[in-house]
Structure formats: structure tokens, C-alpha cells
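A, B, C and D label the chains in the order they appear, each numbered from 1.
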Amino acid sequence: MNRVVVPGEPIGRLSESWRHCVGTGRLNLALRADYQESLAMVQRDIGFRYIRGHGLLSDDMGLHRVSNGQVRYSFTYVDQVFDRFLELGLRPFVELGFMPTALASGDDTVFWWKGNITPPKDLDEWAALVRALLRHLIDRYGLDEVRTWPIEVWNEPNLVNFWKDADQEAYFRLYETTARTVKDVDAGLQVGGPAISPGSDEWWAPFADFVTRRDVPIDFVSRHAYTSGPAQHVPFGTYQTLTAPELLLEQFDAPRKHLAATALAGLPVHITEFNTSYRPDNPIHDTAYNAAYLAPVLTGGTELVDSYSYWTFCDVFEEENVPTSLFHGGFGLLTHRQVPKPTYHLYAFMARMGSHVLARGVDHLVCATDDGRVTVLAWQPVGGSDAPEAPERHEVRLSVPMTGPRAFVRRERVNEHDGNAFGAWRELGRPRSPDRRTIEVLRDCARPAVEHRSAAVEGGRVLLDLALSRHEVTFVELIPVEPEEHTGLDDRRLLGGSDERLVAEHER
Amino acid sequence: MNRVVVPGEPIGRLSESWRHCVGTGRLNLALRADYQESLAMVQRDIGFRYIRGHGLLSDDMGLHRVSNGQVRYSFTYVDQVFDRFLELGLRPFVELGFMPTALASGDDTVFWWKGNITPPKDLDEWAALVRALLRHLIDRYGLDEVRTWPIEVWNEPNLVNFWKDADQEAYFRLYETTARTVKDVDAGLQVGGPAISPGSDEWWAPFADFVTRRDVPIDFVSRHAYTSGPAQHVPFGTYQTLTAPELLLEQFDAPRKHLAATALAGLPVHITEFNTSYRPDNPIHDTAYNAAYLAPVLTGGTELVDSYSYWTFCDVFEEENVPTSLFHGGFGLLTHRQVPKPTYHLYAFMARMGSHVLARGVDHLVCATDDGRVTVLAWQPVGGSDAPEAPERHEVRLSVPMTGPRAFVRRERVNEHDGNAFGAWRELGRPRSPDRRTIEVLRDCARPAVEHRSAAVEGGRVLLDLALSRHEVTFVELIPVEPEEHTGLDDRRLLGGSDERLVAEHER
Amino acid sequence: MNRVVVPGEPIGRLSESWRHCVGTGRLNLALRADYQESLAMVQRDIGFRYIRGHGLLSDDMGLHRVSNGQVRYSFTYVDQVFDRFLELGLRPFVELGFMPTALASGDDTVFWWKGNITPPKDLDEWAALVRALLRHLIDRYGLDEVRTWPIEVWNEPNLVNFWKDADQEAYFRLYETTARTVKDVDAGLQVGGPAISPGSDEWWAPFADFVTRRDVPIDFVSRHAYTSGPAQHVPFGTYQTLTAPELLLEQFDAPRKHLAATALAGLPVHITEFNTSYRPDNPIHDTAYNAAYLAPVLTGGTELVDSYSYWTFCDVFEEENVPTSLFHGGFGLLTHRQVPKPTYHLYAFMARMGSHVLARGVDHLVCATDDGRVTVLAWQPVGGSDAPEAPERHEVRLSVPMTGPRAFVRRERVNEHDGNAFGAWRELGRPRSPDRRTIEVLRDCARPAVEHRSAAVEGGRVLLDLALSRHEVTFVELIPVEPEEHTGLDDRRLLGGSDERLVAEHER
Amino acid sequence: MNRVVVPGEPIGRLSESWRHCVGTGRLNLALRADYQESLAMVQRDIGFRYIRGHGLLSDDMGLHRVSNGQVRYSFTYVDQVFDRFLELGLRPFVELGFMPTALASGDDTVFWWKGNITPPKDLDEWAALVRALLRHLIDRYGLDEVRTWPIEVWNEPNLVNFWKDADQEAYFRLYETTARTVKDVDAGLQVGGPAISPGSDEWWAPFADFVTRRDVPIDFVSRHAYTSGPAQHVPFGTYQTLTAPELLLEQFDAPRKHLAATALAGLPVHITEFNTSYRPDNPIHDTAYNAAYLAPVLTGGTELVDSYSYWTFCDVFEEENVPTSLFHGGFGLLTHRQVPKPTYHLYAFMARMGSHVLARGVDHLVCATDDGRVTVLAWQPVGGSDAPEAPERHEVRLSVPMTGPRAFVRRERVNEHDGNAFGAWRELGRPRSPDRRTIEVLRDCARPAVEHRSAAVEGGRVLLDLALSRHEVTFVELIPVEPEEHTGLDDRRLLGGSDERLVAEHER
């Protein structure tokens, strides 16, 4: 295998589209303590910029209330949720949905918590609700702030589960009314759609045509991306096939292609949901494989779109009802009670890469930081279900530029054993509702394995030979070292000897 | 007005029945951050021992789950809730209800969150659920611990809102099956009922007869107590009349009277809910009047029953849907985001009384602490809606025993102005969804007013002349003081003078 | 008494010179937990920008170490202290002193902790130390950061206590060497002096002459200000006379006057220490009088100088040895264990004034905030020791501009009783080493008394009649109120009545 | 090598003498934030019961103060220190020393901070001080509490550094006066001595004789233990030889032997200081060797004495002046800013052993916990300086009893690379004053390496083959596992396959 010689000068900057946004369970869940603790941890280690979830307008948020015939727009919970997001450094990526029961034209719902998926019975009442909401947000958080919050109209209207009859015309009406209302409140607010699911690229042309023809405001477009096949249900779980990770990147790129010749060409594109499987009960999400699979997506998608939002940051999520087990195949980067999954580490590693890209490859990304460190993210390339099983071992060999006489090289590893709480949980007998002590054990086993050494810098280079285990994602940090001199220092004398018997490790 | 001469020796101990238990919104709400922050604050300042709420078995707790035809008893949320209670020094007062949809014989529900109120379609399946729950709790928390948790069967089965048709016979069947199942799991567990609402004393005789006749296990009896009249609804609120506070104490005492000649005589009696109004949208709960009204109940009920549980500790509560305003007439001692109401202070004052009762009166309770302090709780007596309006001022005059040459006398006042966040909120224009700054203002205005002075102890006595404002509840603490001598000390010299011009305040 | 009509438009901005800097006990004390907790509290409530204290170079900071004949500049403690300052939002106002023993030309010391006050035995060694320190700080914190830190050469060289023989010529030599060394490290660093004590204005001319003649770098000048007379010692305490507060402002203004005709005219002027008494054992610091005395200084000095630094933020201070009593006349705004003194509240009130000055008077300052609130700081004017005793009562009558139909008026009071922990401590018998419970009582008694009401705005005006008690400092905040309308709302119905009997307070 | 078959039944209980007490730098340092943070961490992970340090009576604690001729016993700092100890679950092991300057008969001092080592000039004044201190402690903490605090008279009076002329007769006088004073305050208080250093066993006979002859109260005896040879100084450091670890145990056992035939036989024996080297600047303390060396001492000393107190819990310690480097050979289990050293992990591992001893060996200790886990502490045996260098590898083979069908086996490793911050620090170029980022790297590298697996239990046994690296200390925990069954579970289907291709790791 040849050694990749990483250039000493940057070839570009690392865009932040990979952490521009993250997904969340319905917004009512944001009131929960477990959720908030998870989000604080995610923000400490990863630092997303926006957060998007369903259900802002659902009954359990209490936004549209009627009492003794009087309507009141009420923000008790919305304020609690958005206040907390902002405290944690996150801005809302506002998704308008589902329908308040009092405004709904029908009683079709999705999920056990009954999000109403029908169009408004009266578009004026809907517009009044949107207007009241936006005005309140501007009052509370300031116009400058709210202008930075994208407003997305509905979720996956191309699916009958999420929009009554997947009625395209009805969606366009909803979009138009909403977009005009948003701009009526303030022309600087940003509105977009159509938030379609994978496999619905046939919506792009009519959508572009509609908004162009009627001159409907639009500031960005959005869609979702998943690579899983049909659900194979078992009790309390689902298995699925997956296509190759490249297919995710293709889905990211689709809007630009489909809109290239339209008036919407050049608009910002947001992938407002993505993951391997779209099921919240597929254990693939809990595995090291998931991290290895997504590594080339996180590193490779940064230039394709303006954001791609991992669905979701934690397992506090109830679309397949209340989870019955700590690990249950949830979307989360974290389980309930903050046990990190391998994909959490992938994101945390990305957050520690510097902003200057030195090299990109099929199994690595190398960056430099402003203060002279060099970082490496390396992974074992994996395919989808049809690909051959990943081998036990994968080698990455690099020559990395470095200043100074020596470097401190620190490596963190996540694979089938290391940094793998799911593996430890299986070894513990898959306890569905572990006690505090066992959760501590899981957290401890969830830490990446750490290795470190001192390396000589020769000719401005450090050679890295990284042997990766199956499904491994590795992070390496090289810190330039200028040893401090100490007169009299002699590690051989630690045990009082004066001979040459004891030679310090680091001097070999 | 005569001065009450408080005896120097205790006349008894202050029972802890007043803080034995507190009520809470449905248990799913215990997952919320706002709820948990409120509960931590309540425990710091008041220190309840048990907590009781509805909905342990409701669908949103995810206890009874079915997937692909397989039943799973799942404790994901129950464990999170009970773990947290125990961390905060609270034990569950377990209320078994409402019915999991999968076990229900009908689809009648209560509240917007749809607690199912129908009997189980199969008593064996119900028993299996109860058994699984108890065994799990014993596994997780230990048998010794769970034996201290009272288990109450259902809630207010005498009301059609809470139990299909208020079917007494069906309740007795449920009670019997449940009680036998509980004792089957472990004979040391405690079970009881019938958790009836006010105005249903006709249930006592048949209940006693039923459990006696069929030899059904029973360890305690329970009922509720409220003194409000019919609801007069307005949009987003309710007004009601109230009877006199003595009627609450009568309700407390009713079970003992009704059961006196039965086999249940002598069983522990728990008032598992009480308050002035039974409506979660009656602003009376937010007032100083509410505190003054309940002062003789808290001080006067301690010997009548084993516990009386204030319904509820905080406004995170949704039985009248999501609250639309910070102050909305909720049951809570605290509003959302932890603004204390006057009744919160009443409880916090009680928590600071010593355990040795020196005197009880219609407008005062005087206690002594183990370390020599004397405490006074004083209040303006108020009647119900039919009583004349309370005057602007009420005098309490006491002669209090005290050791030492001097005493430090510290008083805290709660009335229509002081320690009254509701009053400040009205002055602020009743902001429904106040921003953080305004919440800080409210918290600040919620603090009781503080006064302090040095008093001479003469003949082992300090004279207290307490002038109370309208609806005031006052707490006074007397600390014996032994001044430390300082040679050279002369407060008159603070400004450098050597004359007699400046005389320190405290020496006057 | 006439009512002051406060203009509706600002007459200027409130400079931040009043909180530009604060004083501290010797820097070694900054390692203490009590100190750090106090500083965090001060920063939360007041928010100083810089902090200045003695002893950076003293032996207990371990900066200059010798072992087996080898010299090492060591930053173990300096880094801990400066890291913490920066975390708390404070920058060092670097005072270079006292002399490391190994560099000292003599063994004269000050204080029980033996700060060496002699000139360096070798100016080159001194320069080497200064150079090493500054280079380390630049390495660690960055050049841009360190360029914002003023560097002051020594402390009060005009006093024999602080500088061997108060040798002016020796000080000038030290200043010159230091200033040239500082600029040699980086020309953008700021250096200044001479940090003289009150009563030494005769130093200005020769100092200006010296630096001008020899073209010595200088970026700012500094001096101290106190208004106390000779110490009248008693065991563990000192009494002193005070001159009038105006004399403090005169001292602030002196450098500008004395330097007006010199080359130093126009340089920034920093009062690097000020207080009433210069003694750390004069109980005047603990009193409400101290706050009332300083109120016109804080409000009146803002335009005179670039900063005036209260000496000191907390009682963790050992210049008169280890304090023997919680209140002992220390300089601190806070006692040990964070009990606020009245002067703490004065500073906290100032921090809540808006930045737009509407009116200044002998007993008041009125400001407006960016969000439409109006703030008032009012005080009873007091004189020094020779002035007549302050009367029991002082009236401030204002007409204040306000928008909206109503205003929420909130007042906080500090005087001989309210917000006065020292008063409570005296009533408690002056416990020297109070237990935790008593400290809680003191903290509670240290809170300002709070009053609030709703006021009608008439003709864009609210009338304020403020009656102040003896030595009172009062803070008033007026918040514009736009009442939210509620259909059905009727406070008269709170107790269920439908008649006119109950009229809500706020509607009167 | 033979496999050790660990019995299924306990052979005894693990005494807590190993964590009964821990040493600390002088008590004034307990006021520091860094110190308190370290102590909190130590208590969380290890949980010592008592803490002992020098300097309670030294001037910097301000206990004995004189002002204007008046003496005041002052407890400002003592209270802060002891309050904090108790909050952290620690009781003072009170060492009475050094001499307040005002009471001293001479001016001989020890350390740069000048602890006065001379006898009191007046034994009555000394007795008055002791009496005042004890009465204050009893007032503040209660008699029951203070009776549990051992009171040790002075420190190492047999050394001229610590006691003027090492005058035995003078020490005996001091001991007698002190012991009688202690008992005079309360007969239930515990007093002891003579706190002698290693190499002074000739003191036992005269001490026993003296207290017996004069009937002086004594409740326990104390001495110190170290195994280092003469100091070989280099700049800012010391190297020394060490004898074998068995010699430490011999020193522990010496008092019992020497007192066997005296009236003091049977008294509790406390080793109030021990470590390898007695120098606070010997880097041996920072190494994995130190942990491996002490492993047989911690496990082997538990039955020899009532306590042996590691000197000291953290590097906040100034007996060799202010440390000039993060790692500097300090005694601490933790460096400044809480980087754990290998010996910290040894203690933390011990704290996780259960209380039922199953087996003890030259390289292992095996225990069982109350809840059915089995724990193993294993180490590579090492000798002193004269022993051959430890080999690269050491094998420990055990057969461990276990219930259930499977076990979860978790191992933590500390050796020359893993859990070894000192090693990482050397690789980082020995930065003396690392920035926050580097400290984070060191903390991360300080974590023990973690391994885990699922093991079959066969015949009630799990076989453990532990390969230890050089100087390794390993902790292993075996948790019995009862797998939870899941219908439909099939890890081979994770990627959607239905064939046998994917076999879950844990089923192999």
C-alpha cells in the first residue's frame, strides 16, 4: 500500500455544513430533563448551530388554544423550548407543522401521539396562527435574531403518512399562504420547502414551476435523505438493507441537479433530515458500522449542500412509541441518559478537526488548526448490505507535515470493541432498563480507546501507520513539541541508580 | 386584646403529617426539566416525604407495550421518574391508574391527554401488569424500600369522570384483584383505597363491608378534600365560592368517623389530595388569601390524619390543557419556572418550625427547636366566600419564653404586597409569557419581606406585638443571643468622634 | 421641597470608569476558594473589567525561584490566578511588586506576610524577571490580550512602609528600567506610575520632569485616594475621622491639574485605589454610612478619571494579619463567605443603571436603558466626621419620563436596617465566627428591602416621592407596562362573589 | 505458571485501615480552591475518613492573635477549613503544631513558610490555647463529633528539623501538658503521640515508660514510614534509592512489637504518614512504579495497623517551596489542577473492591461485593532500587467463582503507558506550566485503559488470564449476567441480511 503524502499547505477550508443543523424528536420532548441534558452534552462536544424537529404546532405544545369560545395563541411551552435552545447555543430551524386540531380539516393523524396531518380547514386561520407565532418570536427574541431562523413549510408532504393523501396541490396552497404570511410579517424572514422525502424528485419541477409562476417567496429548498430498504419488522425492532453511502451524497446533490434550469437554481439547499435507516427502531443506528458508513458522508458532503441534519441528536423520541429498552435502534447520537453511540464520536471527532483542509481521501481527512496542530480522521470504508463484509483490518498510511523537533501523537479509536457502548451492552446481557451503576459502566465503555506517543519529526514530516479494526473510525491529533530543558534531569536516576540501566521511554 | 402567654414547656410534638405527602401532575410530566427543577427547590425548602400523582399506567408512560403481537412490560420512563424522586429524597405514594389502552374495556377518557377510565377488559391481565410492575420495583429498589411505598388503587372511582359510570361494584372488584395481587407479590407491601372525592361518604360503609366480608387485604384508607363550590367558567379561568377552612378539617376527619364501628377502624388515614379549589384554573391558588386560609389547616390537621397531601407542588400540570399564562390559577406551590406563590411560603415556614409545640391558637402556632430557638407562625384568620371581608389589619400579641440576656428576632411576612408574586404580576400587566428578566423581577418580588431587631429578654420572656396586614402569614424566629465582648468597642466612634453624639442603634 | 423634573432626553452617556477596575488583597490570596467564590459573585452582580492587587512578585507567588544555584522563572501560581481572573471576565491591572527576596537589596518588609520593599540589588536581574514574566504572559494569553493590561510600576513609593526610605530617585530608576524593559518586550504594552498615596502631590512635577527629560515611556499615570484621618487604635480595630466625600473627588482630579502644563497632560489617569478609610480594620467599611458617603463619588467621578478602583472587592485580605471576626472593618464589598455589605449594593445598583444619563443631582442619578426602562439611584447626602449627624429622613421628589399607560415601579432600599448585614450582626451579638446557619441569616438580612407598585403614567410622567431613611441608598426601576387584556377577568370574583365587594388593589 | 483457584467463600473482611486517613499539605493550604477541588475529587473516587496535616497552630492560620496587648483566640480560618472537610465527608485527624510565634521560646523554623519548631515559652499559655481550641470545636461541631477526632501531639519530635534539638524530654513535657489539657476539656476526647519518623524506634521504650510512670493519658500511638535513601539533589528535584516495599510493612508493624511488653500494648496504632520517598520533589511519586510498589502495601497492611495515611492527597504542598512545574515529584495522588497519577488509580481501585476477601496473594487481591460482583486487583511485584529491573510482562492466572450463565468482565489498566499522565507529560516535552488545553490532554491520557468482554461461566467459574505490562496495576470487575431474551432478535440481520453471514461478536 502506498503512503499518502499530505501537503503542507491547505487545499481549502472545512465548511460547517456538517454541523449546521441537527434533528430532534417532536418539540414537546424538548421540555424533558433527559433531552436537555443530552443536548447540553452534544453542544459541548459537537456544537451544532440549528435544530429542527416536528410538532411545533401540535396540540401538545398548546400554541392554539380555545376556551369558552375564545381563541388564544399561547407560548408557554414554545418559549420554554426556544429559550433553552438559545441558551445552549442553538437556533431553531423552524418547521411549521403539524396541524392544531382546532384548525384541522380532518382527523387523520400520525404516530401514537397523534400529529394531525390534514390541511387547515381555513387558510386564513392558519395564516393568523403563523402571523401570531412569528410576531411573538420577534417580540421576544428580536427581529435580527429571528431573521436568521429558516422557516420550513410542513414535513414530507409527498407521503400519505405526513400529509393527507400526499396532495401536492393542497401543499402548494399551504406553501403559498404560509410564505406570503411570513413575508408579510417581515420581508427579511426566510421561508422554504418542500421538505420532501427520498424518492420524490418528481416534485421538484412542479414546485419550481408553481412558485415561479405565482411569484411565491422562497429563500431555500429542502429535502431528506436515507439509504435503507423496506422494513423487516420483528417485535420491538426492525431490520433493513442499506445501499452504499455514496447514495446518500447523491441524494444530497439531487435538488441542485433538478433545479439547475429553473428559477430556483442557486438557492440554498438544506438536507433537513438524513441517516442510514429512517426507522427509529433499527439497531443499525447503535453500531460502529453506522459511524464508519457515515464518515465519508460527513467529510464528503460539506461542499454539496448548505446543511445536512443528522436525524436525531438523542433517543428521546417517540415516533415508534415509548422505547422499551436502553438500546432500541433509536436515531440518537446518545441513548436515554447520555450514553454516546459510535456515531456520536464521529461527530465529536469532526468538531475537533481544524478548519484548514490539507487532504481528503476515501478513508481519511487531514486538517490543520490555527495553532499548528494537525488532525486526522480515518475510517474503514464500508459498503451497504450487498457489499462484502468489511475485513478485520484496514491500513491507512500517511506522511503528515509538522513543525518542531518532535510531535505528541494522540489517537482515539472507535470500533467493534472500543468506544462502543452497544457492544458492552450486549455483553451485559442487553439489560432493557439498566440501573445507575450499569449505566455508569456503559458510559465508561463508551469512551474511545486512547493511545499516545512521542514521534520524531524528520524533514518536517511525521509518518503515521494506522491499523484500523473492523468498522473503525479513528481520530489522530499531532501536537508540535518543543521540549523544555531541565539541568540535572535524568530519568535513569528515578530509582536512585546512577548507571545507564534505566532509559526513559521517550528517549528511545 | 389579651396577650397570649406561651408556656415554657412543650405541650407535644409537631407531627409531620402536614408534609408526609405532596401531589403532582401526571407522572409523565415528571420527566420534564421545569418540573424537576421545581421539585428540587420544593425539597430544599420544604422536604416532603412522599409524592403522589395520576397516570402511572397511562399510555404515555409506556409501561404496557405491544409490538407484533408480543407484550412487553417496559420501565424506561417509570425508572427515570422514580430514580429522580428518590434522588430528591421523595418516595412514591403509588397510585395505580389509569388504564393502558391495550387493557381497557372501553374508550372513555379523561383530560386532553386521554387517561382511560374504564375497567380492565380482563382482570388477569391487569393483575399480571401490577405484578410485573411491583416485581420490577422490588428488583430495582429493594424489598425493604418498596415496602414503605403505599399502593393506592385508582383515583376517585365515585366520579363518572374518573371511573366509567362511577360503578362501585366494578371498583370493588378492581380493588380486590389488585390488593390480592399486591400481597401475592409480597405480604409486606401496603395497599389501600378507595381514594374517593369529597361528598361521597356514602362509600365508606359498603367499602368496609366489602373488604371485611371477603377478607380483602387493606392497610390504609384514603380520600380527598376540597372546599370550593360550583365552577363559574370564564375564558381560560374559573371562579368559585369557598366554604370556611374548618370544613377541610371536617373532611379530613370523616373517614375515622365513618369507619369507627367497622373492621377498618384504626387503619391509617391518608388525605391523598386536598386544596381550596379542585380546579386547576382558579386564580385563588395564586393568592395570599389561599395561604391565610390554609394556615389553620396545616397547623390544625396534624393530629387528625396520617397525611394530607397538597394538590400540587407545582404548576407543571395539564388537566385543563396546557396553561396559557404564567399565573393561571394552577394548583402549584410554584408557577412554571419556579416563582413561589404565597402558599409555598406557608409550607416553607412550617418546615422551619421546631418539633416541640409550645402553643396553638386560632391565629398562631409556637414551637421550640432542639437548639433553643423559638418559632412563631401567625396568620390572619379568614373565612370562606360568605364570610365578611378580612380587615386591613390583624394583631397577634404573644409573650414568648426565651433564654439568655437578649434575643435576635427575625420576621418574614407574606401578604397582599410582600412575598406576593401574583400581586407583582398583576402590577406588571399580567404578562402571559414573561421574558427571563421579568421572571427574575417576579422571583425577587416573591421573597417575603424581612424585618429583624434585637430584643431584651426580661424575666425569661420576649414580648411580641405582631401587626399583620390583610391575608398575612408571618413567620418569626427568636434566636437567643449571648453578646461577645470586645474591649475597645464603641460604635459611637465609628466616625472618629469621641463624644456621645453617635449612639449605636442596637443599644437604644 | 421642589420636585426635580427629569428631562425625557439623555444629557450624556454613563461612563464605565466607576467599574473599570477593582482592588484585591495580595495575589496569592486569589488562590483561595473563599476569594474566588466572592469574585464570581461580584462579577455576576457588578461586572468589573480589571483587577489590581499587590504581591505579584512576592515570594509566596513563587515567580523567582532558585534551586541548587539555578534560577527558574516559574508561573505555577501566576497562571492559576490569571486564568481564573480571565474566566471571570476580569483582566489583570498588573502591579509590579514587591521584591523577590533573592533580588532584594535589603530585608525591610511590610505586613505580617513580609512583602520586601527594597529596590533590586541589580537592575538587570529585575529587568530579566520583568521580561520573562511578560513573555510568558504573551505566550499564554496572546499579545493582543496582554496589550490591554496596564502595567503599573510598584505601589506608593512615596511611603516608607512601601518603598525603602521613600527614595524618590531610586523609584525613578526603577520606573525607567521597568518601562524600557516593558517596551522592549513589545512597544504596544502599556506602562505607567507612580501609584502614589494621598498627600504626595509634590511628586508629580519631578516625575513628569524625569520621564520627559530622559524620554522614558509612559502610557498612563496613577495615584490613590482616601479621606480618613489618623488611626485611633483599639484592640483588633481602628477608628478614624473622615473628611467630606467631595474631597475624594478632589483627589481624583489632582493628577490632571498637576500635570496640566507638563508633557504628561492628557495621559489616562487611573485612581488605582480609593476608599473612605485606608485601614483594613475600620468598621466604617461595613456600614450603610459608607455606601451613602460613596454614592456621590461613584456617580460624580465618572468623568474625572479613566478609572477609580475600590479597595477592595472582598475581605479576604491580610494586611492587618488574619481577620479575627466576620465583621472586622475590612475593605471588602463582601465579608468572608460572601455576606454583602451596604457598599456592595451601591455598586450592584450602579451596574443596573442604564447607559443614558437623564439627570444628575446631589442626591440622585437618573438613567434610561436601551429597552425603555428608567432607573433612579437616590441617596441621603452625608458629610464627614465634622458634619452634623444625618437626619432620620431625607426626601427625594422626582417627575420621571415614561412611555405607556402604566408603569411597574420597583424599589430596593439599603439603610441602617434594610440590606444591612452589619446591623443584623450587631443584633446577633457580634458572633466572631458564626456557624453556617447564622451566616445564612446574615445573608438573608443583607438583601435590600423590596417595594413595588403599579403607577399611572400621566402626561408621559410618573411622580416619585422617595422617603429615605438615615444613610439610605435607594434604587428604583420603572418598567413600562402594557396590560394584557383578558375577557372575563374580574378579580372581584376571586372568592366567587359576583358583587362589587372585592376590588383588586391594582385598579384603585 | 499455576492458576490460583480463588475460593467461593470469603476468608475475611477487608478492613478500611487503608483509607482511614490521608495526609495533606499545611492546613492553610486547605483554603485554596485548587486544593478543595482536588479533595472533592478524591472523596468522590476514594472516600477517605480522616485527614491530617501540619500547621494548624502556625501563624498563617491566625489562631493565636495579639492586638494592642490583648490576646484573642480566633477561628476564622480553622472554621473554614474544618467546615469544608466535614462537608466533604472527612474528619480532622488533629495534629497540634507548629508553635504560634507569640508563644514560642525561640525563632527556629522549618520550611520557607516558617513553621516555628520551638517549645512553648510557657506551658500554661500553650494549655490555654489548646483548651480554647477544643472548646470552640466542641461548641461548633458538638461533643459527640469531636470525640471521634484523634488529637496527635506535634510532628516528628525526634528530628531537629521539626523539634528544637529533637529534645526528647521537652517533647514528653509537651505531651503531658497537652494530654492532660485535652482530658480536662473532656475525658472522652482521644489523645496520642509521639508521631516519630522512621529510624527512631529507640523512642518507644522511654515514651511508654514516661506516660506509664506519670500516668499520662494516651489513647493511641503514631509513627511515620518511608523507604527512601539519602537525597541526591539536582536543581528543582531529588533522586533517591528505595528499599523493598516489605520494609514499609515492617515499619507499620514496629510499634506493636516495641510496645508489646509495655502498658501501651494493645493501643490503636496509626501510621500518620507513609510513602515511598519522604521528599516532595522526587519524581518517583509520579510514576506507575510507585503504584505497583505500593499495591502490596495497600492490600497487605490492612490488618497490621488501624490506619496508614498516604502522604499526601494532592500536590498543593509547599514544603519545598512553590512547585515550579506541573509534575515535580510532589507527594500528591493528584497534581495541581487534578491530573490523577498512577497511585491515585491504585487507591480508586481499592475503593471499588468489595468488603469480602476471597483471596490474597503476592500479586493479587480478590474480593466479592454484597451484590454478587467479584473484583480483582492485580499488580506486577516490584522491588526497591537494588532489585533487578521489572520484566516487560507479568502473568496472573486465576479461576474466579461466579454465579449465572455468563459474566461481564471489565478491566482497567495502569502501567507505563495506560492511565499514566506522567508518561504523556514527558512525551509532551515536560511543559512546566501547561495551558488548559494541554491539561485536558493530560487528564484524558490519565484515564486507565478499559477492556471488556463477555465470558462463559463454566462450573461456577470464570478463568482469568491477565497479562500485565511493566509496572502495571490492573483492576478487574466481573458482573454476573442473566441475558434478557428478545423474540425476533438476530444480530445477523443488522444489515438486513437473512443468511448466516453476519454473526454477532458476542455469540462466538
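The criterion applied here is as follows: a contact is a pair of C-beta atoms (placed from the backbone, for glycine too) under 8 Å apart; a residue touches a chain by one contact, two chains touch by 3 or more.
Given the structure is predicted, the values throughout are model-derived calculations rather than measurements.
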Interchain contact steps from subunit A to subunit C (minimum; 1 if touching): 1
Of A-B and A-D, whichever chain pair has more C-beta contact pairs: A-D
Centre-to-centre distance between subunit D and subunit B (centres being mean Cα positions), rounded to whole Å: 47
Centroid distance [mean C-alpha coordinates] between subunit D and subunit A, Å: 46
Junction residues of subunit B - those touching two or more other chains: 68, 70, 234-236, 432, 487-488
Partner subunit B, residues of subunit A touching it in the complex: 31-36, 59-62, 65, 67-70, 72, 74-77, 79-80, 83-84, 112, 136, 140, 233-236, 321-326, 336-337, 432-433, 435-436
In the complex, subunit A residues that touch subunit D: 228-229, 232, 234-237, 239-242, 283-284, 287, 289, 384-385, 389, 406, 408, 410, 416-417, 423-424, 426-432, 441, 444-445, 447, 449-454, 479, 481-484, 486-491, 493-497, 501-502, 504-506
Subunit B partner contacts - residues on subunit D that touch it in the complex: 68, 70, 487-488
